[in-house]
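Quick one: the structure is below, questions incoming.
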Amino acid sequence: MSNEEIKEIISSTLPSATYDETGEWLNVIIDSKDWEKIAAECRNGALQMDFLFCLTCIDWKTHLTMVYHLTSTKHRHNIVVKANLDPAIAEIKSVCAIWRTAEFHEREVFEMFGVKFLNHPDLRKLILEDDFKGFPLRKDFEDPINMIKL
Amino acid sequence: MYNQTEIIKDTTDLGPEGELVINMGPQHPATHGVLHLVVTLNGETIKKIEPHLGYIHRSIEKMCESLTYRQFIYVTSRMDYLSSHINNLGCALLIEKGMQIEVPERAKYIRVILSELTRIASHELWLGAMAMDLGAFTPFFYTFREREMITEIMEETCGARLTMNYIVPGGVMYDIHPNFQKKVKAFIKQFKEKVTEFEDLVTNNVIFQSRTKGIGILSAEDAISFGCTGPVARASGVRCDIRKLYPYDVYDKVEFDEVIETAGDSFARYIVRVKEMNQSIRIIEQLIDSIPEGDFVGKTKNVLKLPKGEFYTRVETARGEFGVFIVSEGGTNPYRIKFRSPGFSNLSALNHMAAGSKIGDLMATMGTLDLVIPDIDR
Amino acid sequence: MFSLEGITTAVQDWLFIKFNPTLALAIECVIVILLAITLFAGLGLVLVLMERKVAARIQIRLGPNRVGPGGMFQTVADTLKLIMKEGLTPDSADKFLFNLAPFIVMMVAMLLLAPIAFAKNFQIWDINIGVLYISAISSLSVIGILMAGWASNNKYSLLGAMRSGAQIVSYELSAGLAVLTIVVLTGSLQISEIIAAQQNGWWIFKGHIPAVIAFVIFIIAVTAETNRAPFDLAEAESELTAGFHTEYSGMKFALFFLAEYINIFIVCAIGATLFLGGWMPLHIGSWEAFNHIMDYIPSSVWFMGKTFFLIFVIMWFRWTFPRLRIDQLLNLEWKYLLPISLLNLLLVAVIAILGWHF
Amino acid sequence: MFLKEYISDVYNGVTSLLKGMRKTGYYFLHPKEIITEQYPDNRATLVLAERFKGEVVMPHDQNNEHACTGCTACELACPNGTIKVVTKFDVTPEGKKKKAIDALVYHLELCTMCNLCVVACPSDAIKMVPTFEHSVFDRSKLTKILNKPASKIREGIE
């Protein structure tokens, strides 16, 4: 499917979505509140985006951006869905029920960026130790103890 | 929040229904590294598996933010150390794509041949280690004999045996060794002779078959949903070979089959990997005599600066799809880097695959997932 | 010609002339105990080295080759190391049972030595129910293993011990049935009589195909009974780290280790006695000259040769096959070995009654 | 039918096991196939690939001269902070001050043998050598100073 068709389908579900085509793939920028709706549409609707191959977050210092890379094993088209979050109250709906790979990836983002995923079945730390303070991949994170000095 | 004391309580007490919770790892012979699985058992039957990661977490993503585009490539060798060359290749491809660096044909050929050799070496090690998980020790030594030939080729050409650091943006670090072609051909000959051994020792063995057939079944839908890639997904019938779908370097010029099995069990995953080794041999045979003359590295600027924007590349490592996602601000360092490692997604399917089977089956399932722990933890 | 029989009779005669009968018997007992312990130590050293060398050759490597010529004293060095190691007892273990278990396993192995005929008329105790005694005593070792697994208070140990219990109890059956075929053919339970019945040919040749089947079943069953790969589920290092002896260290671990090898030796000795004629030389029908040459080889050499051949076969199994799963292990016993050996026993009974064997 | 399956199961199982045993038996009987290298004994005959990346050294010629200008290109290229260049100012015979190295500190324990410093060096002053026996009892011994004492820069290298 071409980018125009994808845009049309997404716009019909969510008119407020904006698009960015400067990169390799079509970027869909949405509001974090609409994510659950658009995720269900991407997975089950005409787009058949059944493969969430990358889920991550970017800290832009002023805000966080959730980035979801989606592809379809049927039509082989890729889109990137982005949703901006406020770092103080970073919350977004979990998509574990739609793509099960999201369970581990969301847990990783949760501990690394402090994004809270609503409705996640088992949201706790996966990689870091349980009493770890802070969110290591945020830009303002500093660890004075474990820095290697030469 | 889940705290330390709760973990200790959880994993030492018997559950309400006489469940037995055992900690498999971080020091366990079958986890091949520091994977920690908390396994809930009912007798010999597994009820739940919960991975605890992070024992070898080095935060490579954060480290890379402070390294230049030339330097960060070599850190990725330490993720999936068994396919370090392919990881490096993924990073180099991203820089080349972002900066539109022209790569000479010779470099592309060399990269692909070495990638396939890496894949064979990785699968050889996996074959031996998996047979060892199932209790057969001897195949391990036979696979290492062939693997040793590959590592010697690597040592001669790249200067190292495992983490070769051979790729630079725009090509390879130095030209291949004069003996390279001769040695690769000798390896192919030896490999073809000896590969039948594993059919006798492992593939056709009735015990091995009964240990793996119908064990750890993963359906195609689940494989996609769990984000499984590589041999794990291909054994379930999902077409996901990046070399076929999004060819990079010279993969579009060579003929090879994407190995697909439909059973989705441990035996199918085993067969996929064994057949993949043969396909890799086929690729090398097509390329080894036709390496074009010319430069081995393209013209690049001394200081690499990726233009502002977001970039994503993926390559097919021995374990599946390895993705590199870089957000660039236009400077010499990446602003944010994310490695999509195949092992991380494959591991997430373990609970689904192994729940309900016996402890012995967990070894077969885990063995065929081919987990490399530094790749999962990053 | 060298013969162990001569030595034993000479010693016995001398003892009975010098001392009164009770004292002489007591001295004999002491000598036998000393000999048995020496044999144990020697066998442990030899078999461990043999296992390592066989494994090395199969796995295209050299094996131990640093201590002594060709690595001959490697196991001696290992034993010294094990003796000097601290014997740890876990804090929450049942200390009495934990320390008792290795000795029980060892004791069972020692008891099994009694009825084995090492050479012509060289036997500790020629009991008239020899075969029955062996199958009765050999099933006792499971108590030691269960005790070790339970007392360690370790989950892996417990799993290993429970597996071992299920395994040994079920494989006891087909091993017993395989032994019974020879008892049916011989008509006696006494070891010396079973050997004497093979004067004109070993049972594996005389008993037609049923004897061969019984032999194969016996080898499989005893491999399982001694917890050897491919039936080493009780240890299963890739699943249960080390199974029932996870918590043992130092000399207590060494006793388990030693008992494993002694058990292999004993079951192979029994296999050699029952099916391969014990110390009986290889005789072929009416080839008088050939039979005479064979007679010149000492009977102890015959016995040891046969036993070590069987030990080699069991080692060969270990380094070739993957491990079975616990339910497959029980399937193999109850669905394959047991029905086949029952049928086989029936067939042998018919053969024995009609006198079809040679 | 069931019986036929049962018997063929047993037959196939046993033959597959025997095939495996034949393979291992072959290796048992053919000690020529043994591939073990007895490492410390074969040190004299051991040949390593000349490209093998063992450690970074700075070659000196017979006059105790090296080619390092102290430009810190290697220090900048290193991803792990393995190399540290300490510079000083030499006074040339003409009375001019010239930058030179005081010490090129190399932390072998941090090195990942990525070869980037060797590639980056404009005057080929450092190279990788195929030595590999680096074990020491004290970690501080792995921190090496690559330039020899009292060495100077070779004439004509800028």
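Letters are used for the chains, namely A, B, C and D, taken in the order the chains are written, and counting of residues starts over at 1 for each.
Operating definition for what follows: a contact is a pair of C-beta atoms (placed from the backbone, for glycine too) under 8 Å apart; a residue touches a chain by one contact, two chains touch by 3 or more.
Treat the numbers as computed from the prediction; the structure is a model and nothing was measured.
Annotation: B-C is the more contact-rich of the chain pairs C-D and B-C, by number of C-beta pairs in contact. With respect to chain C, maximal separation of chain centres occurs for A (centres as means of Cα atoms). As a whole-number value, the distance joining the C-alpha centres of chain C and chain D reads 51 Å. One finds 45 Å separating the Cα centroids of chain B and chain C. The distance from the centre of chain B to the centre of chain D, each centre being the mean of the chain's C-alpha atoms, comes to 24 Å.
Inter-chain centre distance (chain A to chain D, centres taken as mean C-alpha positions): 41 Å. Contact of a single residue of chain D with at least two other chains is seen at positions 17, 20, 23-24, 35. Along chain C, residues 58-61, 319-321 each make contact with two or more other chains. Each of the following residues of chain B touches two or more other chains: 138, 145, 201, 205, 207. Taken in their complex, chain C has these residues touching chain D: 54, 57-62, 65, 316-317, 319-321, 336, 340. Those residues of chain D lying in contact with chain C across their complex are 10, 17, 20-21, 23-25, 27-28, 31, 33-36, 38. Residues of chain D touching chain B in their complex: 12-13, 16-17, 19-20, 22-24, 35, 48-49, 51-53, 77-79, 112-116, 119, 128.
Looking at the complex, you find that chain A touches chain B at residues 22-25, 27, 50-54, 56, 58-59, 67, 69, 73, 76, 80, 99-101, 103-105, 108, 124-131, 136-137.
By the touch criterion stated above, chain C contacts chain B in their complex at residues 55, 58-61, 155-156, 159, 163, 229-230, 232-233, 236-241, 319-328.
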